[in-house]
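Look at the two complexes coming up: chain A is in both, with chain B in one and chain C in the other.
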Partner chain A sequence: MVITVNISDLGTSNSNEDKIITYSLGSCVGVSLYDPVAEVGSLIHCMLPLSKVDRAKSKIKPYMFVDTGLQAQLKIMYDNGATKKNIVAKVAGGSKLLDKKSLFRIGERNYTVVRKILWKNNILIENEDVGGTKSRTMYLVMETGKTYLKIRGEEIEL
Partner chain B sequence: MSINVLVVDDSKITRSVIKKTIKIAGIDFNKIFEAENGKEALEVLGNEWIDLIFTDINMPIMGGAEMIEKLGDDGLLKTIPVIVVSTERSQTRIEQLQKCGVKAYVKKPFHPEEIKKIVDDIIGRD
Partner chain C sequence: MSRRNEIIARIQTVPSIPTVIAKIEQMLNNPDVSFKALSDLIKYEPGLTANILKIANSAYFGFKQKISSVQQAIVRLGTERVHELAIASSLAPIAHSSVKGYDLPAGELWKHSILIALGGEQIAKMKGIKPPDSVFTTGLLLDIGKIVLGTFVEIDVNPIMDLAFKKKIPFDVAERRVLGIDHTEVGAILLKNWNLPEEIVNTVRWHHQPSRAKQNSLLLDLVHSANIFAMISGIGTGSDGLNYRPDKEVMKRMNFTTEKKELVISMMMTGLNDVQDLLSLGLPDKSKK
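After this line comes the complex of A and B, so read on.
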C-alpha cells in the first residue's frame, strides 16, 4: 500500500508491503526514520521550525512544526518497538525555493531544528540532501528500509 | 575491537560533542580520555593505552602540532592514528600535519556525522 504524507503530516508503517511517500518538499523538511530490527518506519513532512509561533495550532497539528513533529515521530517509533541505537535517520528538503533572496531562511531553520532534535535524542543523520533551490519528493520503501528522492524526474537513493 | 580514544581540545564543548558522537555513532569504544592541551595529552598517553586521538591545533601550554611532533619521536606513539579537529584554514599547515602522519582533518565547525564517517574509514567499518 502507498501511504501518502501531506504537508504537516506523518506516515508510519510496520508492513513490508508499504511505501511511505511525500511530495513537493521545498523549504519544508522531510525526515524518514527506519528501524531495521523492529521493522518500523515513518516519514514526516514539516513546514515550520518551531511551534512557539503558534502553540494552539501545534496542539492540533503537531506535525506542522519540526520541534513538535519530530518529537512525536520519534515517540511513535519508540512505541512501535524502535530503539535509538537502531534508528536510521535521513533528511531532505530545507531548500530556498520560494525565498531566493534568503529573506526568511525557513528551509535552513527547519534543517537546523531537525539536527538539534536528533542530536538531543542521540541520533546521527545517516544521509541528507538539503538546501539548494530544488523541490524534492521523498519516499521510504518498507521492504528494504531504503529512502529515495525524486528530483526533477531523477531518482536517487538517499 | 574496543578502542580507547583520547580527545584533546581546550574547549569543553568541543570535547563533549566529540565524546557524544563516539558514544552514539555505534563505535565500539572502551574508554574516552580527555586532555585540555598537548602536555596533558602526552601525560595521558604515557599512562594509558590509546588507539585513536582527536586533537585541536591551537591550544594554550602545548598546541596540537607540537604534540604531534612529539608523538613522531616515539616509536610506539607515532603509530596511533591522529584526527585533527581545528579552525585552522591554512592549506600549507594542513599538508604539513598530514606529512607528520595525521590521518584526517576536520574543519570546525563540523557536523558530528563527519566525525563518525572518518572514524568508520580509519577503523575499517562499512
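After this line comes the complex of A and C, so read on.
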C-alpha cells in the first residue's frame, strides 16, 4: 500500500508491503526513520521549525512543526519497538530561495531543529539531501528500509 | 518565427474567460449599478451561482447562517468578494489542469494560486492594513502564464534548468534567456486579452521583479511576499522549485520578523484548509451524476 504523507503530517508502517511517500518538500523538511530490527518505519513532513510561533496550532497539528513533530514521530517509533541504536534516520528538504541576503531562513532553521532533536536522542543522521533551491519528493520503501528522493523526475537513493 | 513570437501567438489561442465575467467587471466599474443588477446577472448562470454559494458557505468566511442566494451573498460578502468568487469559478477549470514543463500534477497550480490569494489578504490583515480590493483575484491569476509557457519550457527544459540550477539564475530570468519570454509576461499578455484591469496585469507582470514595475504598489508587495511564502510551503512548487529571488526593497517595506514570517505561513495553511470547496472547484461535480 502507498501511504501518502501530507504537509504537516506523519505516515507510519510496520508492513513490508508499504511505501510511505511525501511530495513537494520546499523549505519543509522530511525525516524518514526506519528500524530494521523492529521493522517499523515512519516519515514526517514538517513545515516550520518551532511550535512556539503558534501553540494552538501545534496542539491540533503537531507535525506542522519540527520540534513537536519529530518528537512525536520518535515516540511512535519507540512505542512500536524501535530502539535508538537501530533507528536509521534520513533527512531531506530545507530548500531556500535565491536569497543572498538570507532574508528567509526557514529551511535552514527547520534542518537545524531536526539535527538538534536527533542529537538529543543520540541518533545520527545517516544521510541527507538538504538546502539548494529544489523541490523534493521523498519516500521510504518498507521492504528494504531504503529512502529515495525524486527531484525533477530523477530518482536517487538517499 | 522566433520562439518568443511563437509563444505570443499561442497565447492568442487560449479561450477567454466567460463573457459574464467581463460584464461583471464593467458593472463594478460603474458606481451606479445596484446590488440587484449584479445578482440578476449572476443568477441566470446556474453553474456560477452554485459555485459562488458553495464558496460563500465555506469555513473561511465563517458565516453561521447558510447563504442561500446570490443577493444574500452580495450583501454579506460584498460586491468585490462576489466578483472574486465569480472569477475563481471561471478560472478553476483552466487552472486545475496539470502543467507540463513545470512538472505540476493536476490541482497543484490551483492550490498554489489560492494560497497566494489568501496569503496576500492575510499579510495585509496582519500588518493592520485593509487588503487592496484586487489582491485575492491577482493572487489567483499570478502564475496563469505557466499554463501556456509550460509546453515550451518542456521542450527546452535542459538549458533552462542548467541556467537556473547550475548558474543560479532566477527561473523566470532563465525562461526569458532561453525562450525570449517568461511566465510573468505570458500571464500579463493573457490577462490583457481578457480585459482585466491594468493594475492586475502589471502586478502579474512584475511579481518576480517588483523593482522593475513603474511604481511601487501595496498590491505588488503583498502578492510578491505571499508568493514567496507559498514557495517556501512547497505547495505547487514544481521543477522551478524555489529558484526565485525575494526582492529586498519589498522585504524592507514589509519588515517581517522571523516570527511573523512563520506565523504567516501557518495562517496561510489554515486558510487553505478552510477553502476546500474552492480547491475542488475545478473538479467534475460528482453529485450531478
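The rule is simple: the second predicted complex is superposed on the first by the 153 of 158 C-alpha atoms of A that agree within 3 Å, B and C clash if a C-alpha of one lies under 4 Å from a C-alpha of the other, contacts with A are read in each partner's own complex, and residues count from 1 in each chain.
To be clear about the criterion, a residue touches a chain if its C-beta (ideal position, glycine included) is under 8 Å from a C-beta of that chain, and two chains touch if they have at least 3 such contacts.
Quick caveat: nothing in here was measured; it's all calculated off a predicted structure.
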{"item": "Side-by-side fit of chain B and chain C on chain A, or clash", "value": "fit"}
{"item": "Cα-centre angle that chain B and chain C span when viewed from chain A, reported as a multiple of 10 degrees", "value": "130"}
{"item": "Contacts of A:Gly107 with chain B and chain C, given as first, second, both or neither", "value": "second"}
{"item": "Partner chain(s) touched by A:Lys57 [first = chain B, second = chain C, both, neither]", "value": "second"}
{"item": "Which of chain B and chain C A:Leu124 touches, first, second, both or neither", "value": "first"}
{"item": "First, second, both or neither for A:Lys85, with chain B first and chain C second", "value": "first"}
{"item": "Contacts of A:Thr133 with chain B and chain C, given as first, second, both or neither", "value": "second"}
{"item": "First (chain B), second (chain C), both or neither touched by A:Gly69", "value": "neither"}
{"item": "Larger contact residue set on chain A - chain B or chain C", "value": "C"}
{"item": "Partner chain in contact with A:Gly41 - chain B first, chain C second, else both or neither", "value": "neither"}
{"item": "First, second, both or neither for A:Lys96, with chain B first and chain C second", "value": "second"}
{"item": "CA minimum distance (chain B, chain C), superposed complexes, angstrom", "value": "25"}
{"item": "Residues of chain A that lie at the interface with chain B and also at the interface with chain C", "value": "none"}
{"item": "Interfacial residue positions of chain C with respect to chain A in the complex", "value": "103, 108, 161, 164-165, 168, 170, 228, 231-239, 241-246, 248, 251, 258-259, 261-263, 265-266, 269-270"}
{"item": "Residue numbers on chain A that touch chain C, as the complex places them", "value": "7-8, 24-28, 47-50, 53-54, 57, 64, 93, 95-99, 101, 103-107, 132-135, 152-153"}
{"item": "Partner chain B, residues of chain A touching it in the complex", "value": "84-85, 115, 119, 122-125"}
{"item": "Residue numbers on chain B that touch chain A, as the complex places them", "value": "20-21, 23-26, 111-113, 116"}
